[in-house]
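What follows is subunit A paired twice: with subunit B in the first complex and subunit C in the second.
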Partner chain A sequence: MSNNKLTVIDREGSTHRLEWEPDQTLMEALRDNDLPVLASCGGTASCATCHVFLEREAFDTLGERSEDELELLVEAEGYQACGSRLSCQLDFSRELNGITVTLAPED
Partner chain B sequence: MHDPEANTRKPMNREAMKHELMAGPAAPVVIVGAGHSGVAVAAGLRARGWEGGILLLEAEKGTPYERPPLSKELLKDGAPDESAVLRKEKFYQDKRIDRVAGIAVDSVDRAGRTVLLSDGSRRDYHRLVIATGSRARALTVPGAALPGVQALRTRDDALELKRLLVAGARVAIIGAGYIGLEVAAAAAAKGCEVTVLEFQDRVMSRVTSAPVSHHFEQLHQRHGVRFVFSAAVTDIEGDHRAERVVTADGHVFQADVVLAGIGVVPNQELAAEAGLECRDGILVDGHGVTSDPAIYATGDVTRFTSPIDGASQRLECIQNAQAQADRVAAHITGQPAAVPEIPWFWTVQHGVRLQTAGVRRPDDDVIVRGNPAGGSFSVVYLRDGRVAAVDTIGGLADFRPARKLIARGDRMDPALAADPRVPLTEATLTGAVLNAPAPIHADPATARS
Partner chain C sequence: MSSATTEISAAPAPVAPFVGAPDLPPYSHELGWPEGMAPFKVVDDGTQGDPYAHYEWMREHAPVLRAHSPVSDVWFISRYDDVRKAMRAPKVFSSQVVDPVPLTFLTLFDAPNHTRLRQVVAQAFIPKAIARFEERVRENAEKYLAPMLAAGGGDAVDDYAIPLSMSTISALLDVPAEDFEKMKFWSDETFSYFGRLARNAQGTGTDEQSTFEFFAYLKDTMERLHREESDSVGGHIARMWKDGLLSEKEAKELCAFVFVAGHDTTTILLANAFRVFSEQPGLLERIRRNPDDASLFVEELARYRGTVQRASRITTEEVEVAGVTIPAGAIVRLLPAAANRDSNKYPDGERFDIDRNTDGHLGFGHGVHSCLGAPLARLEVLVTVKLLAEKLGSLNLDPDKPIEYVRGNNLTNSGPEHLHVLVEKTNA
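Let's look at the complex of A and B:
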């Protein structure tokens, strides 16, 4: 499978283009490309330091958020009901090729 | 302790400094220990633009891996016999992080700025980072060395344990801490007969309050786990393998497998033998600098002063391993570090998550928020009226607000904090004023006083 292309807007508003490899979660793709995603729980939906905003179109292609994910997100800085996701919970999928991801503010 | 300012760099033209720092000296930053913290230092240095060499030395073979799954996912039936790696092999290549795996570091020659490896080779360092973590505290009673007696710290430990935990096996767990209880849950799920022997009178007594302990005791009991409290193990008996565990009051527990989960000991020997200041942990300042300005330490192996309440502490959690690593990477590259994070920890037992923000102390006031019988509740720990820590059980809604409140040091209204309908952030004393029923015919002149 080929990589997905990804556009990332960081917390300063700068744009980065990167490759998302099939064996990475979105969090891993961000973290391994040096974006400031702490991921302090290692991707187990516990810390919310991997919170990102997706565009509505991409968001709608994804399944429901788990209860843990939702509870963490609702309390997060800048929560968007139809945009916020924990990037560690997003596996690679072709449907997400070419999306733009915005890093949520830290709190 | 040494003066934390002693090694602050002299002011230098920022660009010149940046250039000198990033181009990197001849010798690499050498990191001893490729656990959560060591790997995070390596990744953090590159993320912060460090161009010099990075050498990661690790005693264990293989790709550095995550520890939390060792007592959780990995033990489950049908789960793959491997723990998630911290970073994929390719990451180390891409980031030019050199690694030696399977050779321990034996000693540090501070004057020569070099480390000696167990294969006799030497590696020079520009800066040394000691990230050697901790090891499971060894059981010292007679019989502790018998086959069938296990500790759990490494991937090999976990695989051995997984092999032993078969349906019907009688499993005695010594110590009702996080690891003992996570293993108890995994063993019960596999159909083992599980007995937990605990010296104190409740589970997780070091880290949480009685209401939380009791909630988890009941949870385990519903899954068939048996607890024996006030149990002091004196012997492990058996001819060629562990067969029985004996306690001080003369009770004998039949066991095919014995797991000792009695805490951890920092791997500080390397530092102590090199003359670095240690006191149950390598002493470091807020940047992770030890008593030698060229040597840093980070993660489980360190002891430091809490930036939040000034307590001397050793923290054994992923959050701290990563946060301290970032401070080390920031200091080595001469960059500002992130604001200190509120420490936090999580455990999952029988699918129920306990997540703690902050560090509780036994004399904190305990406020139960919500109904434990409902399966989801929180416990707020107040110290001098301010939130010191919060446990969330079976739900994470209070977790982030808790971290905010601890950081801000707001005074809380205990009655509001106990009411789960009031958001935690509004249970402060200022919130109390806002939430109080509006006075009728309020007189603006008196309302302000």
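Let's look at the complex of A and C:
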């Protein structure tokens, strides 16, 4: 399976284009490409340091957020009801090819 | 155990420390502990090296246990759901128990300083970065096991776990640790100093002086790493210091933190791997035949005998846990190793079973303070488990040398300080 293309807007507003490999979560794709995503908990949906904003169209293609994920997001800086996700909870999917992801501010 | 247990309701009535105290639970020493079991204390006096019997009783009878200390009450939380929930709520269960923070140890900070400082070293510990060390870890593991094999046994801590964990973290930081004994002494003293400043532990009497010697050594090392433009973690911290993004104090202490945290916790986990093999000898053969099962062993080990016993927090507001109201400003110790054996989460939780589902275990923490070095610890234990299975036909505890436990001077970790084993090679 080929990689997804990803556009990332960092906290300074700079744009990065990177490849998202099929065996990575979105968090791993961001972190392994040296973007400042702390992902303190390592991907267990237990902190909110991989918080990102998705565009509405991409957000709507995804399923419901788990109770664990939502609990952390609503307390996170800049929470958006229809845009915030923990990137560690997003597995690779062809439907997400070409999306733009914005890094949320840090707490 | 239940026949010897007295229910809390039968314990002496608590004495409120001040008028109007709202329904404070009795102190640990006022509870009816089972015969032969000392009340759980804030400072380990030697009864908590292997604290699982205490934990079992606490989960059942006092899931929020209040213990007295000369400085303040300390509240211990032991059930899985409660520990997990607290670890997910850093704004209520703050890690900044001492203010101002006396040492640049990540465990002592909340956001935003925790985020800023952790970011300095985080990239070095992601799985992709750690994978580069796998071959070196394997070579070192074989090197340290070989003399034990030849001698028919040894101390799994001194002869294997310390050299392996220390040589690994030294390579990562590029801090030479040729003299393991000296580095171990400095590391223990620094941990003791930390415990004294941050956890009201007793200290050793020499820990401050030793810690400053260690910091001076690290400063000299970082000066060299900066000159050499080292791409190690130590070199990276040195550059952050020289570029003005970290103070000298922060750079030295962060380097010390990575060193101490990187070897002490892993040393105990490695020793516990030997112990579990001795308790379940069939696993040597099973993993020899199916090396892929080694990763199941590692996760179950982290659940069943993880290193970190007490995670310190301070409450920022009044909070109810398991029906007990903990006041604002209370010192709390979360007990992840107790939580990990909660049978409500892991059926028959006191049993080591590599076939169980270990998802969600707290052996490397949970939440924003999850173990930074977890990928490295997992790698070292995985390599060890595979190596022991490959090389050993049998592994037994030495009946003449009982396990000696780390005293809880730093109030964080428990496990073997010395674990003498007898080993036989495989027939192959």
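We take it that the second predicted complex is superposed on the first by the 107 of 107 C-alpha atoms of A that agree within 3 Å, B and C clash if a C-alpha of one lies under 4 Å from a C-alpha of the other, contacts with A are read in each partner's own complex, and residues count from 1 in each chain.
One rule holds in what follows: contacts are C-beta pairs under 8 Å (C-beta built on N, C-alpha and C of every residue); 3 or more make two chains touch, one makes a residue touch a chain.
None of the values given here were measured: they were computed from a predicted structure.
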Which superposed partner A:Asp107 touches (first subunit B, second subunit C, both, neither): both
First, second, both or neither for A:Leu72, with subunit B first and subunit C second: both
Partner chain(s) touched by A:Ser93 [first = subunit B, second = subunit C, both, neither]: neither
Partner chain(s) touched by A:Gly42 [first = subunit B, second = subunit C, both, neither]: both
Partner chain(s) touched by A:Asp32 [first = subunit B, second = subunit C, both, neither]: both
Contact residues common to both interfaces of subunit A (with subunit B and with subunit C): 31-32, 34, 36, 38, 40-42, 44, 46-48, 68, 71-72, 75, 107
Touch list for subunit B against partner subunit A, complex: 43, 46-47, 66, 68, 84, 86-88, 91, 94, 318-319, 322-323, 326, 341, 344, 346, 353, 355, 395-397, 399-401, 404
Footprint of subunit A on subunit C - complex, ascending: 87-88, 90-91, 111-112, 115, 118-119, 122-123, 126, 128, 360, 364, 366-370, 374-375
Subunit B-touching residues of subunit A, taken from the complex the two chains share: 23, 31-32, 34, 36, 38, 40-44, 46-48, 67-68, 71-72, 74-76, 107
Complex contacts: residues of subunit A adjacent to subunit C: 31-32, 34, 36, 38-42, 44, 46-49, 68, 71-72, 75, 106-107
